[in-house]
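What follows are several structures.
Two complexes follow with subunit A in common, the first pairing it with subunit B and the second with subunit C.
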Partner chain A sequence: MTNYIIRRLLYLIPVVLGVGLIIFILFNVVAGDPAPLLLGKHATPQQVHELREQLGLNKPLYMQYFDVVRSSFTFDFGRSWATRQEIFEMIKIGAWPSLTLTIPAFFLSTVISILLALVVAFYRGKGIDLFIRFLCIAGMSISSVAYILFFQYFFAYKLGWFEISGYEPQFPDFFSYVALPGIIWIVLSLGPDVRFFRTVILDEIYQDYVRTARAKGLGEIKVLLKHVLRNAMIPIITYVVIQIPFLILGALLLESFFSIPGLGGITLNALNSSDFPVIKAMAVLSSIAYILFSLLTDILYTVADPRVKLK
Partner chain B sequence: MLKRLTIILSLLLVVLGCTREQNYNEKVLNLISPQKIKGFDPIYAADMYASNEIGKVYEGLLEFHYLKRPYVLTPNLAESMPEVSKDGLTYTFKIKKGVVFQDSKVFPNGKGRELKASDFVYSIQRMADPKLQSTGWWLLDGKIAGLNEWRDKYASAEKVNYDEEISGLKALDTHTLQFKLVKPVPQFLYALAMTFTSAVAREVVEGYGQEFQNYPVGTGPFKLGYFDNSNRIVYEKNPTFRDKFYPTEGAPGDEERGFLADAGKKLPLVDKVIVNIIVESQPQWLNFQKGSADILGVPKDNFDQTVVNGKDLHPSMASKGIKLEMVNSLDTTYIAFNHEDPLFKNNIKLRQAMSLAYDRDEANKLFYNNTAKTAHSIIPPGISGHKADYKNPYVAFNVEQAKKVLAEAGYPDGKGLPELSYETVGSTVARQMGEFFVKKMADIGVKVKISTNTWPELVKKTNTKAAQLFGMAWGADYPDAENFFGLLYGPNEAPGSNSSNYKNAEMDKLFKQSTIMQDSPERTALYEQMYVMAADQVPWIYGMHRTAVTVLHGWLKNYKYIEFTQTQIQYLNVDLESKKVLVNKL
Partner chain C sequence: MSSQDTRSLWADAFSRLVKDRWALISLLVVVTYALVALMATLGIGMPDWRSSLGIEYLAPSGEFWFGTDLFGRDVFAKVIHGTKIAMSVGLITSLIAIPIGVVIGALAGYFGGWVDDIISWFITTFSSIPNIMLLISITLIMGKGLLSVYLALGMTGWVGLARLIRGEVMKHKEREYVQAASALGGGHYRKLFVHILPNVTHLVIINTSLQFQTAIKSEVILSYLGLGVQGEPSWGTMIDDARMELARGVWWQLAGATLAMFIIVLAFNILGDALRDALDPKLKGK
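Our next item is the complex of A and B:
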């Protein structure tokens, strides 16, 4: 297993090189020239030239790519071109609001979805199953913006149960700011999650070992929780753990509507201003997180199913 | 287990229920900024939002009088308006004595030192510093004697020498500052009222290094208390702020409107300012409705809830003590032709036909809630050079006439004209405006396709002269027609501000002539001539001059719309007694 982990970690090198190359190509081919954007509406050609020189954009392309690679491996992303803030500091400050929103919401939505999936699997084909499935599909048919607009208007403004927008980084102050967006996250996740988990559980429920368990006289709840759920864990782990890296990137729409100063907004601003150092940092860090969490997924397989061996 | 769960849930509800309490012991101004603030370095105050925040902490030599209209300059850190030499080249300022920078650890004993004329020399040098690339350099480029030479000298050097003397920028003594210009520049004084030229202290800049933008230390009415550029900014009243008083005179009608109630009172009038960064319009609106924001520009989608009969406040809002302000902005919207494209460059008839086919009244209803004014030429009302009685013949919507002119252009019913491309950004409203334009052009047989871009992509296309048609708006940097005519001045072509690459030798000649003329009837006459020329030549499809629609709560006092908002906040007041009453009506 150690060899396997080392090998997977070594994959990080080509992945980071590849991600760096892709964003570098996209930046040079698709994105706009950052110099006029940074200099504003009165930029002179001389200023544009000078700023490009200072940003290193007049260097040969291979040298610019080398800079990308170097900063990706040293994690020295420098300063944002647009805000002139230290990028690591920006990420550090932005990660906390994003995570205080996404982690509790993600955890709760996963738990609730699995529980609901077990209920609908238990009552498969009956009224409650049909009703919850109907709700899931109906819920998924409505735009996420509609949920946000309605919940914010009704629960925060009309009923006054929550703050309309804003954020306080201190514990426990942030709860009153992330509660409503967190609830919306859960509501938005329930539809696809419950349907997925239901399918996974139903795949297991018709297996021979389940019939054997029932034949031995085990109750349906025990069968579901002890046997079916455990055996359904492999696809559930894959589905759940692989989403974790994206939690770090925040929830763009929720952050925007609830004025939560998270990483989603930082990334969007960087894209809008061709702020390459920030885009590069976010792309590299999220690809590293993706690799690490997919490795974690593999390790968790061995926990969920001892027959799995990592070679 | 159940008991534990109940306790946790109860605690959670208590936490969630802890909403912010209103504090009626101090005067707090609650504002909304719809954009994140990049930092507090005056030399990068390119957008209004950054300028507003920087202007709370830093100050310049001059400012726009808060109440008088048309806009007039008035001394701020200057003791009086400058002495100007007869040839219009030398400006000598006396700086106010006894003005001190806010306390900061970079000063000896942490006490802010007195402002000196040399601080302005240093601050202006920073604007010219080629290593810093100020977004305000255009204001001084080619204007102050020796400054461009100083800039060019250090463009490729390792380090810039701020101790080197510049012939046109001198501190004659501790409180006397002198500028020598290379040519008469009547707009020069406007530059000294803009946030870019605010006074910064060299020891603060050097002391904080690259973090200077996060630790503003100015002479202004407020000092920074808390700064999270994407969440909230809090300012406290600057305890060492000089004796600056609310104006005792204003424009006609100001007294009746209560704008002189605080005349002669020491500024600032509030103890604290909280600026919440809220990007989306719904939370902005809901926060205003709840009283968490004192003032708000009305979001487009909330216009019908706010305004009735096109000008009156909705009774449901009036009953809550809310007030409405509708004032013309100093701006012009337009659809630009790229004059590098031979299709438009050599065919004025085609431009005229397309302008005639564009229905501005309908656009006004659709996109501006019928509050905007049709733009007949480039200069908005309120700026000298605007001819209120002039009607541009190519602005009147007339499909038949448009078809006729299109045929004269060589494209009867659009035949022979290739499909045109309209470049826009991907926002909903921008795309809707594009669709509207496509539809109007289709009515005369001109085929247009929409190409959506990110903002960086659109800027790239306009800067490289690759955009054929594109929608834009221009807001005044200062109240002078020169700021608008520059958009049609040939040498300013892309990547300069003339992004439509319009070139007209006669226009260029008149523009050059006008830029060295002081404000006078002769210059106004010249501006009016250029105004008519800019209309006749149809360099753009003129759109609208927009109206700023603002709502404010009854407890907010002294709010008068001002286009140049950087110093406004110090004049605002909060009536705590009326706030206690009005909050309960919300």
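Our next item is the complex of A and C:
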């Protein structure tokens, strides 16, 4: 097990180098010179030269690639082109609002989806199963942007149940601001989640051990909760844990609509002002989070299912 | 003429597909959207979204099914133009992503060893970067516009298919029919492209239906973010317009674009599930 974790951690290195390479190719090679973008059309060659010096763009390409890779390990991403702030500071400040939105919403949507999937599996093939399955597919077919627009207009603007936008970082205060975006998050997640969990549970339900459990006289609910759910845990864990890095990235669209000053909002602002270093930093950070959490999923397997041995 | 007993697998799958009423309806919806998009591209018989009728924000009526927009343009005509954009995004990104996914996945699965190591590293690396970050980065760097949307979605859409094909080819290369092909003197190229790939085509077909709807949904988000289509209507830009219109009680632009997208994505969803059942009977009932 320790060996396995060490090997996986070592595999982090080529993957981080690869992520760095993709980001480097996109932003340092393909993107070209940012000087006209930052200084406008009428910059003197002297100004352009100074700017390139300052941004490290005069270095040879392999040194620029090295800078990208180094930032993935030191988290020193330099300063934003737009606001001149330290990017890592911006990210630390933006993390809290994002997490106050995404963590409760993610937790609730996962619990609700698993419960719904169990209900659907219990009534498999019956009307309620077909109905919820259709609702899932129908719900997934509506654009997320349309959901956000409609919910914000109807529940916040028309009915006035929620704040239309804004944010307060203090403890109970933020709830009134993240409630509606959180609900939209849950609605958006229900479709794909319930569908996935249902498939996973139904994969188990026709296994021999389930028949044995029924044969010895266990009720259907007990079979579902004690036997099926436990065995369906591995795919459920993978599915759930691998989404966690995206919570850190924040909810791009939700944050921009509801003016929540989180990481999603930072990314979108950077996008609108062509603030390359910030986008690079967000891409690097979210990739590293993704890699670490996929390792965590593997480790959790052994907890969920003692039969799994990591070699 | 072959007798009915020797119906091919494809004919068999097709007959299974059309027996499913919902799948048949979905297939018809997809064909209809494709025809509308084709006619709009060729400029036949489709309303012109550019012509301004001078009256702004007319509510939906018999004359204007989806009302008019700020410039008095027919929202229905804009929806049609959006259909053309959406279908073209689905088609072109599939044409980019699917060959990449098939070739990369097949090479990794067939050759194994260091080829697989390198390709697997590339796939892991690529899928470590969240899709939305890649999409945003690529469109930002390539410049806003439809061309960037095609490229960004095409270049990010191959990963899932490559993984699937890799796993499937790995299984197939050990089977007897491939050994027989070896025994008859078939080379790598022949074994992979003539013998193995036709046996994984069903994955490609199922994946195309998925790629289409992902592309359509992503185009809406990118256009909404201002990275997508410029200077012509798409479902995304229409939904973006609606942000300002809703407070004035103008809901039809949002409704029109959302409805048009809902129908086609729903059709692709149902069709995708039905295709899986029809082409991969082992999965039936799961």
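For this structure, a couple of remarks:
The definition used in the following text is that the second predicted complex is superposed on the first by the 295 of 311 C-alpha atoms of A that agree within 3 Å, B and C clash if a C-alpha of one lies under 4 Å from a C-alpha of the other, contacts with A are read in each partner's own complex, and residues count from 1 in each chain.
What we mean here is this: a contact is a pair of C-beta atoms (placed from the backbone, for glycine too) under 8 Å apart; a residue touches a chain by one contact, two chains touch by 3 or more.
Predicted model only: the values in this text are computed from it and were never measured.
By the touch criterion stated above, A:Y153 is placed in contact with subunit B and with subunit C alike. Touch criterion met: A:T267 reaches subunit C, while subunit B stays clear of it. By the touch criterion defined above, A:V223 reaches neither subunit B nor subunit C. Within the superposed three-chain model, A:V30 lies in touch with subunit B and with subunit C [touch as defined at top]. After superposition on the shared chain, subunit A has more residues touched by B, the comparison being subunit B against subunit C. Of the two partner chains placed by superposition, only subunit B is touched by A:L39; subunit C is not. When the two structures are aligned on the shared chain, A:I142 is found in touch with subunit C, with no touch to subunit B. Legend: residue contacts after superposition of the two complexes on their common chain; A:A179 is shown touching subunit B, with no touch to subunit C.
In the superposition on chain A, contact of A:I22 is made with subunit C only, not with subunit B. Of the two partner chains placed around the shared chain by superposition, neither subunit B nor subunit C is touched by A:I201. Across the two superposed structures, the residue set of subunit A contacted by subunit B and also by subunit C is 30-31, 149, 153, 157, 271-272, 274. Interface residues of subunit A, counted against subunit C in their complex, comprise 14-15, 18-19, 21-23, 26-27, 30-31, 137-138, 140-146, 149-150, 153, 157, 199, 202-203, 245-246, 249, 252-253, 267-268, 271-272, 274, 279, 282-283, 286-287, 290-291. Of all the residues in subunit A, the ones that touch subunit B in their complex are 30-34, 36-45, 47-48, 50-51, 54, 79, 82-86, 93-94, 97, 149, 152-153, 156-157, 160-167, 172-173, 175-176, 179, 256-259, 261, 265-266, 269, 271-274.
Put simply, subunit B touches subunit A in their complex at residues 12, 15-20, 36, 38-39, 41, 44, 46-47, 130-131, 133, 135, 137-139, 141, 155, 210, 213-214, 228-232, 276-280, 282-283, 286-287, 289-290, 292, 454-460, 463, 495-497. Those residues of subunit C lying in contact with subunit A across their complex are 121-122, 124-126, 128-130, 132-134, 136-138, 140-142, 213, 217, 220-221, 224-227, 235-236, 239-240, 242-243, 246-247, 254, 257-258, 261-263, 265-266, 269-270, 273, 286.
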